[in-house]
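Both of the next two complexes hold subunit A, though its partner changes from subunit B to subunit C.
Up next is the complex of A and B:
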């Protein structure tokens, strides 16, 4: 149990997927202008990533590994994740319309998200067991959501300030993200 | 190699098949119209329509909850496209425009501190709600002006936003960015519908006005010499300024802050001056007319209340017909007020203005004799507003019980000894006085099939003496405590049901009440409340073409009402209206209630409406002010009065007098008012 808690903490803070591994920066900048969208995106990533982690683990250990075709990992994962997201979208629309209304517009964005792909590949690289894989997927996604929501809070304030023209919008966003990343480096001391 | 191809191919095939199956299993029907409308919308997701993005609005348009012309950003071309997709004709949309709601910039208002942070209202509001003492004051940092996508807003010299109404498209961006919710969208209709709210800047005088006139605004227009502009402000909530300016009891003047220094501003004389100016200039001032709604509405009763309701319903775009039992419009204004206070020709000019606006009046048409509520509803009227006011209408009718289907005055019922008419009927009696109990017992004795008594009090103890209640119960009368009448229903010309709802501990009526079969309702009031009769859809097939089922809804209670639930509210119906201005206020609220019903909204005032007795931010004392005597109304000389007793006594202020009197106004807000030079508190 202690291992899982350690994994949970390290995935959220020490190895934060956004601020420490620099994956998924596109939605980080794209959906962080308003708190509402940031929360929606964070939830959608948690939802999708746990399922993607599970299904790619199954693909790896029941399809690729038995035949020794691990070099097809990236390709097959893209295929599986894309199909999964499509499936989830269809399923939600029919069965849980309320959840679909909340997450719907974010789901297609995640299909080709490098954070999702990255975490799935990390899970395999670290040779996690199935349970560990689920815990790490959830924790990385929670770390993504945490960073996104923090960043959205900062950005809502930045919107009010008068920023010099060349630095406006994405530029100041990246500068801020860099500073947040530096702050997260402090967690390295915990490891 | 082959295995690799098979693995990838296999995975692809499984995923493909899975998705293909899923799209069949999880298929959700989407109206193709929604997609077509979505495509026609600009896709900017600006939210100007009031929905969360273009997709949501597209769904709402197809579902009929939004209109083809709801897209502010797209304009008329997009509206035409959508109307074509839906196959409907385009309803014209009343233009919206922004309206700032603060009158004192930060340099003139009391401040808690000097703000030197980020020059943006949203940032400034994060620090103790901004630097102004007033919690709803404009912070003046120009966030709205910068946010306006159409360049219609600018910051004026006094650090308040100024709207260029020609450029304003009513997109509502300013309303959304303003952290203090001061700048809001308005329109002709919304100005008529306006009730003062606790989060708005209002002066004590305007809060006291039963008609809700924006007094400080019209007085400042008179001061500037814009007399027609002043009248336009008055007519926004009072279409009878000539009458009101002469006979109003002006409760506003009691609240005037000048009372703390010298005498109140002569608010009512100023109103009369603006109204007289119009009459003498010969050109009529009308408030904006909303695009026609194509809905026919009827107003019964041509007194001050009926005239007011007709005028506002007309201005809100409805096709109004006014029915008056006598041969001349004006009601009590015509018959009850001396010629030397309100000359007939002044009243005629006022009423002509309402008819010129497009209200069709039918004289000599008496409810119950020449037409009934059911006959109006059958003939295409969507609603019938009954504003007959006093019971004189019913008392003077020969066949009384036909005037209001099934509703009778308790006193008349007893005095005329008509308990016999209750035989075989289901009778309901409101209120708990001795007369109510007598009527209940008499009805029972005369063979009424059931008798109900409804009390607003929480229990028997607080409603009536114990022995009376016991006697009534012994006689088989059903007593309902802690209940209010919320709806009455009927078919054709008779009453069939009354809905009574429990009054909750918070003082609101339960949403769902009990439906009791009642065909005679006796009310102990001296005055008939205004009611809106609308057609009622019934379940099953008993709704044939020939029978009209109706129900009546009460207009929402005014801010001055002591109780605001249900129909036949105590307090509102004790006596006749005290003043014409109250009838005008009631008429406007009735018209607004009808409009709310016709546009599919609940008949309710805004939640945070300023009500009587509410604790509103105010000032207790004024800083030293120069004493300026109040204007004296010029009056007819005694000799001339004797010679011509019908000549009007009060002559009206002169232009100079009016301007001087208007400049006595302190132009108050919640806590702001016009100070003497150099006397502003150091901030």
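Up next is the complex of A and C:
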């Protein structure tokens, strides 16, 4: 049990997917302008990533490995993730419309979110067991949500500040992200 | 299509629409692998290859692909070329392959590729798509090289593994770590904005 807690902490803080592993930066900058969209995106990523982590683990160990098709990993993972996202979208639309209203517009964006694909590949690379894979997927996604929501909070305040013209928008966003990353850097001392 | 416009398609990727700076696409590898110049250059070349091949193939097939499933088709085409790159890098430049790690398969989800396929190759002819892919790819390579040169020189005191400063130079370790990447890119965007305004 202790191992899982350690994995959880290290995935959320020490190896934060956005600020330390540099994955998922496009939605990070794109959806962090307003708090609402940041919360929606964070939730959608947690929702999809856990399922994607599980399904790609099954694909790797029950389909690709036994038949020796590991070289098709890239292609099969992206297809599985794309199909999963499409399926989740249809399922939510039909059966849980309230959740769909909240997450709906973010779901298509997730296919091309490199955080999702990245975590699935990390899971395979680190040779996690199925349970470890679920824990790491969830905690990476939670780390993504945490960083995104914190960053959206900072960015809403920046809107009120007077920023020099050339630095506006993405530029100041990146510098702010750099400072947040510096703060998360402190967690490295814990590991 | 006239010759001049082909050249325009090519040259717009070099400055006016440099992918990571102007379109803010494909940021993840831009930040992650620009610790040293050879990584930046290798990644740029890999992306250029995939971009050119997928752009050409998509523009050839654009009338055959049904509208409803086009995104899935594009992803399959892109993933095919990424697999080609991945296997050839593993065979011929193994040290670089180890350095870039999971960022090679992640070229699949690089938004530049899908973005160009959807915005350009699906609407234009083969030659124009080739020029567009080549221009965007070279622009991306240049941007990655510039960013990685700054980070390697300041963070390590070297350029392409050769020492730049004397032995008295204390490297800013900060620049090769994650926070340096974000700040460096942010400040480069700022410089681009200042130059672009004039």
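Convention: the second predicted complex is superposed on the first by the 191 of 191 C-alpha atoms of A that agree within 3 Å, B and C clash if a C-alpha of one lies under 4 Å from a C-alpha of the other, contacts with A are read in each partner's own complex, and residues count from 1 in each chain.
The rule we apply is simple: a contact is a pair of C-beta atoms (placed from the backbone, for glycine too) under 8 Å apart; a residue touches a chain by one contact, two chains touch by 3 or more.
The structure displayed is predicted, hence computed values, not measured ones.
Asks: Touching A:64 in the superposition: subunit B (first), subunit C (second), both, neither?
Replies: First partner only, subunit B.
Asks: Is A:161 contacted by the first partner subunit B, the second partner subunit C, both or neither?
Replies: first
Asks: Applying the touch criterion given at the start, work out whether A:19 contacts subunit B, subunit C, both or neither, answering first, second, both or neither.
Replies: Once the two structures are laid over each other on A, A:19 reaches subunit C alone.
Asks: Once the structures are superposed on A, label A:130 by its partner contacts, choosing first (subunit B), second (subunit C), both or neither.
Replies: Touch status of A:130: no partner.
Asks: In the superposed arrangement, does A:93 touch subunit B (first), subunit C (second), both or neither?
Replies: first
Asks: If you tally the residues of subunit A touched by each partner, is the higher count for subunit B or for subunit C?
Replies: The partner that reaches more residues of subunit A in the superposed model: C.
Asks: Go through the superposed model and pick first if A:75 touches only subunit B, second if only subunit C, both, or neither.
Replies: After superposition on chain A, A:75 lies in contact with both partners, subunit B and subunit C.
Asks: Would you sort A:29 into first (subunit B), second (subunit C), both or neither based on which partner it touches?
Replies: In the superposed model, A:29 contacts subunit C only, not subunit B.
Asks: Could you tell me which stretches of subunit A are touched by subunit B in one complex and by subunit C in the other?
Replies: 72, 75, 79, 82
Asks: If you look only at subunit A, which of its residues touch subunit C in the complex?
Replies: 19-26, 29, 71-75, 77-79, 82, 111-114, 116-118, 121-122, 125, 165-168, 170-179, 181-182, 184-185
Asks: Where on subunit C does subunit A make contact in their complex?
Replies: Where subunit C meets subunit A, its residues are 24-28, 31-32, 71-72, 75-76, 79-80, 82-83, 86-87, 101-102, 105-106, 108-111, 114, 177-183, 185-187, 189-191, 193-194, 197.
Asks: What part of subunit B is in contact with subunit A in the complex they form?
Replies: Of all residues in subunit B, those touching subunit A are 3-4, 7-8, 11-12, 15-16, 18-19, 22-23, 25-28, 118-120, 122-123.
Asks: Over in the complex, which subunit A residues touch subunit B? Could you list them?
Replies: Subunit A reaches subunit B through residues 59, 63-64, 67, 69, 72, 75-76, 79-80, 82-83, 86-87, 90-91, 93-95, 157, 160-162.
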